[in-house]
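Some structures to go through are shown next.
Next come two complexes, and both contain chain A; in the first it sits with chain B, in the second with chain C.
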Partner chain A sequence: MTNMLRSRWWSWGFRSAVMLYFVVLIVCPILGIYGQSLSGGWSSFLDNLTEPLAWNAVLLTVKLALVATLINVAVGTMSGWVLTRYRFPGRKLLNSMVDLPFALPTAVVGLMILLLLGPRSAVGKWADSLGFTILFHQPAIVVAMVFVTFPFVIRAVQPLLEEIDASEEEAAYTMGATKAKTFFRVILPNMMPGILSGAMLAFSRALAEFGAVVLVAGNIPGRTQVASVYIFGQIESDHPAAAAAVSVLLLTFSFVILWLVNYVQTRRTAR
Partner chain B sequence: MHVEVTGLNKRFGEFQAVSSVSFSIAKGQLIGLLGPSGGGKTSILRMLAGLETPDSGDIVFHGQRVNDLPPQERGIGFVFQNYALFKHMTVEGNIAFGLEVKKWSKAKIKERVAELVELTGLSGFEKRYPHQLSGGQRQRVAFARALAPEPQLLLLDEPFAAIDAKIRHELRSWLREMIDRLGITSIFVTHDQDEAIEVADEIMIISKGVLEQKGSPWEIYKDPKTPFVASFIGESTIVENIASLKGFQEAANWPGTKALIRPEYIEIGKENEFTLLSATEIGQVSHIHFRGSEWLVEIQIGDTKLVTYRSLEKDVLKVGDEVHVLVHRAYLYNEQNNWVMENALKADLLSVYI
Partner chain C sequence: MTIRRLWIGLTFVLFGLLLGIPVVRIAIGAFDGGWSGFIDGVGRPEALHALMMTGMIVVIVTVINTIFGVMLALYLVRANWLGTQLKRLLNSIVDLPFAVSPIIGGLMIVLLLGPDAALGALLNKAGIDIVYALPGMVLATLFVTFPLIIREVMPVLQEIGASQEEAAHMLGAYPWTTFWRVTWPSIQWSVVYGVVLTVARTLGEFGAVLVVSGNILFKTQTATTLVYQDVENFNVTAANSVALVLAACSVGLLLFMEWVKSRKEN
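Presenting the complex of A and B:
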């Protein structure tokens, strides 16, 4: 069997199968989108993109995804720290629950937020009494994005934290560094690659989120309509070229982020 | 600085890591903490650094009790076994860290870093990261980093353990020179007796959390105070029935006494190689091993087995050969006491055989 696998024909066959799979499943659809967006020529592509509703949707998505990512960087770094550095009852359970947002259908997430933050819920009433509404407004979109991208930063930071050598911290203490100084000068730099790559993944995932967002976003063009919902709307109203133009923008954005993540990670392994 | 430790105790759960250890170290001395692994050496070092809190006992630096001072305020430098360099900082950054923490001015930091880079022979490597350095260079960076804030006491935990044998030798003499030049009180932990003997002014032998003996390497070799020290330093064979050997019959006066005999206490050879033939035993060569620069010879005398070395210049012995064995001295010990006994017949000039 192993001899057979080693033969040139087999290895050639395997490689071609993988390549074909990759081309059919990933490359073709992506090229298709680029093709579709340009089907009406450059001018109509630019028209589709300069349509205020389109670029407003993209801009809003980027803005909200950025807010969600910043929240996750702060909370995720702290959670990762607590889950690796402290020992307390329930830690293991908490640790395994971190991955839950990955496992849940995003529509369920949307529904959960709908029920939790709706005008008739306790949180909704409390927000009402303060004079603002969460649901169908931007805060609800951010909450949905934060929930869905929660695991990224934690899971990227944890292995780095476990890797840190306790004697590195002790060395800093013997040289006179306080605990705070040691954290910022020694521990945080060690965690930085994880925070960065986790943040970038969370950001690109938040950009792309549809299921959770569509249920809680108000879908008011220019104010609470995010890009993915806009694309959906354009398809529904039979404007595939407009949908494709926005898709291409998001896709290009995601590519850049992926490349950045890769760059950060290879720089880390080179160390 | 002057270090004074009294009645130091440390327990980890059920394990007594350090038990009532007391010692004092004069300013400028280089002390080696020597003993088997897991014997409590590193715990003592870490308590001196403030990285571990003693259960009881006092640690006094310069007449000031420092038990309650955190490591940040003890004025020490610590070199870790695995160096613990900051991976994300360059050589320069690592050395400057302690100075930045102490809020030295930029110009002074630059000057001090340059001085240490020069001292540790790291010129040209200032901009490198730890992963771009060899083991020996990392060791020097760790050393420079610990020295930079001008500590009063330098603590080194197994400083050469992770370096290969050849470079270890160089680094040892380099460290010795460096510490002599700086005149800083230093304590290093090692499980390698050659290292301790070669480098240290004084050795403290530590086993099972107890300080067995403190003294210069020569004192400890010549006059071991406990059987553990005698067997730990140098090589030796234990002889159960020492009174059966010629010249040591007197040992029968102390029943239950065992002897420890070092290879260098024993001389072997053919009849014509001895002037004191009456003091020798007849033995049989049971094994010989080539040791690179000499022979290691095992000899059987009755039911006693002895081990010694023989020069390559002398006649080559074979297994089964009969040889004369002269035991110059033995280290005797029993439950209550221990002492060195010389061969009684050696002193008896009348028995010289011509």
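Presenting the complex of A and C:
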């Protein structure tokens, strides 16, 4: 009897400890930041957001993240297709290389891009001779975002391609469809949920990226300063309210995206 | 057939350009000053201290995350004492750190526990520093890496179902025995995979740690924030050396992950 009682106490203690940890670690900080941003009332929250530098940083981030996502959709769909459909020497190596951007520290990624695109590198000189610079300008930010979000679309597309019923494709061929037509009418629609959720995850990651971007962006306020770098600058110069306001905007945006991804995925599995 | 060749070739070129060359460039850059340049870069006292800080954070975060991650995954899948609705809500909260920019993750901790916050001031009076010290950096990293293990373990638990555990329970096994003898063998490789992901993410964590640590030399500087500071000070060769150490760790972890993946599938 005492043994049973003790085990019940133990399990009750475990449960509360784990749940408490969960709530304190995850829920409290998120509520805290929403609270902090609104602590000065709505008007100061809006003032912090409509501050030209803040607003420019947000717009720039959204614009560049969109460009990076589009590049990744094109590149990722193609690579995902090649890696699942074709068998060739080196395929396994390429397939494991896909995860490299997730494994590498973002500061290291920033340093890589800095070295590769800098004014003394081959690419930098070439771009210079054409009359534009990459590093510390918007193209460098896009390159950083593309690198960091590279795996998302590929990893979202691959399982779908493996699942596609070969008979659908064969039926299309038998009925005389060309390869291109089969791809666009049969295969692409099947890949669509993967492309969409991969693209949304990549977009939300690109919005949030800091480490790779801060080293290559130049961070000129209003011109090459992205939102996360703006937030960092506000923290450093001791304006937590301004930092919190922009953070809340970005967070809400990311939460909506995350929810949409979940929605797309649950709808797919429910079907 | 030729089209096929074209696509494969294009993929190779793309991967080489986008993933291969950058990694090779770091390796070359680290040896700009020869072996001695690399040794100097890594052997600097600040670099050694930074690598030690990173190592400490990795160990603490991985241990805490593994214990709580596995237990929480078990509760979220198996517990009857949580209602279905509540379980669904908690399940979606688990993912939230993925959506939070690391910078914002750091900001949250500074806002809640920093010297200006009520709780932070209270702890400060008691002599406990959280922000600009190790505990804050561990907290920030815990927040950022929170979902990784849970997300690896939960699908496996759902797949294997509860029938074996129920059988063990019926036969009179204690919960502890049931866990080690029945549940653990089927989830162990997923846990290992999640742990490797956590280690990789912790090694590379930059934004959250930068905000929380204040990047104080010889005190709270980690390997990634040292790379950042070196670059800001135009000390590129030294930055490269430390970056190469980090990149080598990540590539090693990646290879290990591939191995674990193949074990997991068997």
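Some observations on this one:
Here is the rule we use: the second predicted complex is superposed on the first by the 252 of 271 C-alpha atoms of A that agree within 3 Å, B and C clash if a C-alpha of one lies under 4 Å from a C-alpha of the other, contacts with A are read in each partner's own complex, and residues count from 1 in each chain.
Following the convention adopted for this analysis, a contact is a pair of C-beta atoms (placed from the backbone, for glycine too) under 8 Å apart; a residue touches a chain by one contact, two chains touch by 3 or more.
Just so it is clear, the structure is predicted and the values come from calculations on it, not from any experiment.
A count of residues in chain A touched by chain B and by chain C gives the higher number to C. Of the two partner chains, chain C is the only one touched by A:Ile231; chain B is not.
In the superposition on chain A, contact of A:Phe150 is made with chain C only, not with chain B. Using the contact criterion defined above for the overlaid structures, shared-chain residue A:Val27 touches chain C, although it does not reach chain B. By the document's definition of touching, of the two partners only chain B reaches A:Met175; chain C does not. In the superposition on chain A, contact is made by A:Leu114 with chain C only, not with chain B.
In the superposition on chain A, contact is made by A:Leu207 with chain C only, not with chain B.
By the touch criterion defined above, A:Leu130 reaches neither chain B nor chain C. Residue overlap on chain A between its contacts with chain B in one complex and with chain C in the other: absent. For chain A in complex with chain B, the touching residues are 165, 167-168, 170-178, 181, 185-186, 189-190, 192, 271.
Across the interface of their complex, chain C is touched by residues 7, 11, 14-15, 18-19, 21-22, 25-30, 32-33, 36, 75, 78-79, 81-83, 86, 88, 90, 94, 96-97, 99-116, 146-147, 150, 179, 204, 207-211, 214-215, 228, 231-232, 235, 240, 243-244, 247, 250-251, 254-255, 257-259, 262 of chain A.
Of all residues in chain C, those touching chain A in their complex are 3-4, 7-8, 10-12, 14-15, 18-23, 25-26, 29, 68, 71-72, 75, 79, 81, 90, 92-112, 116, 139, 142-143, 146, 174-175, 200, 203-207, 210-211, 223-225, 227-228, 231, 236, 239-240, 243, 246-247, 250-251, 253-255, 257-258. Those residues of chain B lying in contact with chain A across their complex are 49-51, 70-74, 76-78, 80-82, 84-88, 97-98, 101-102, 129, 131, 145-146, 148-149.
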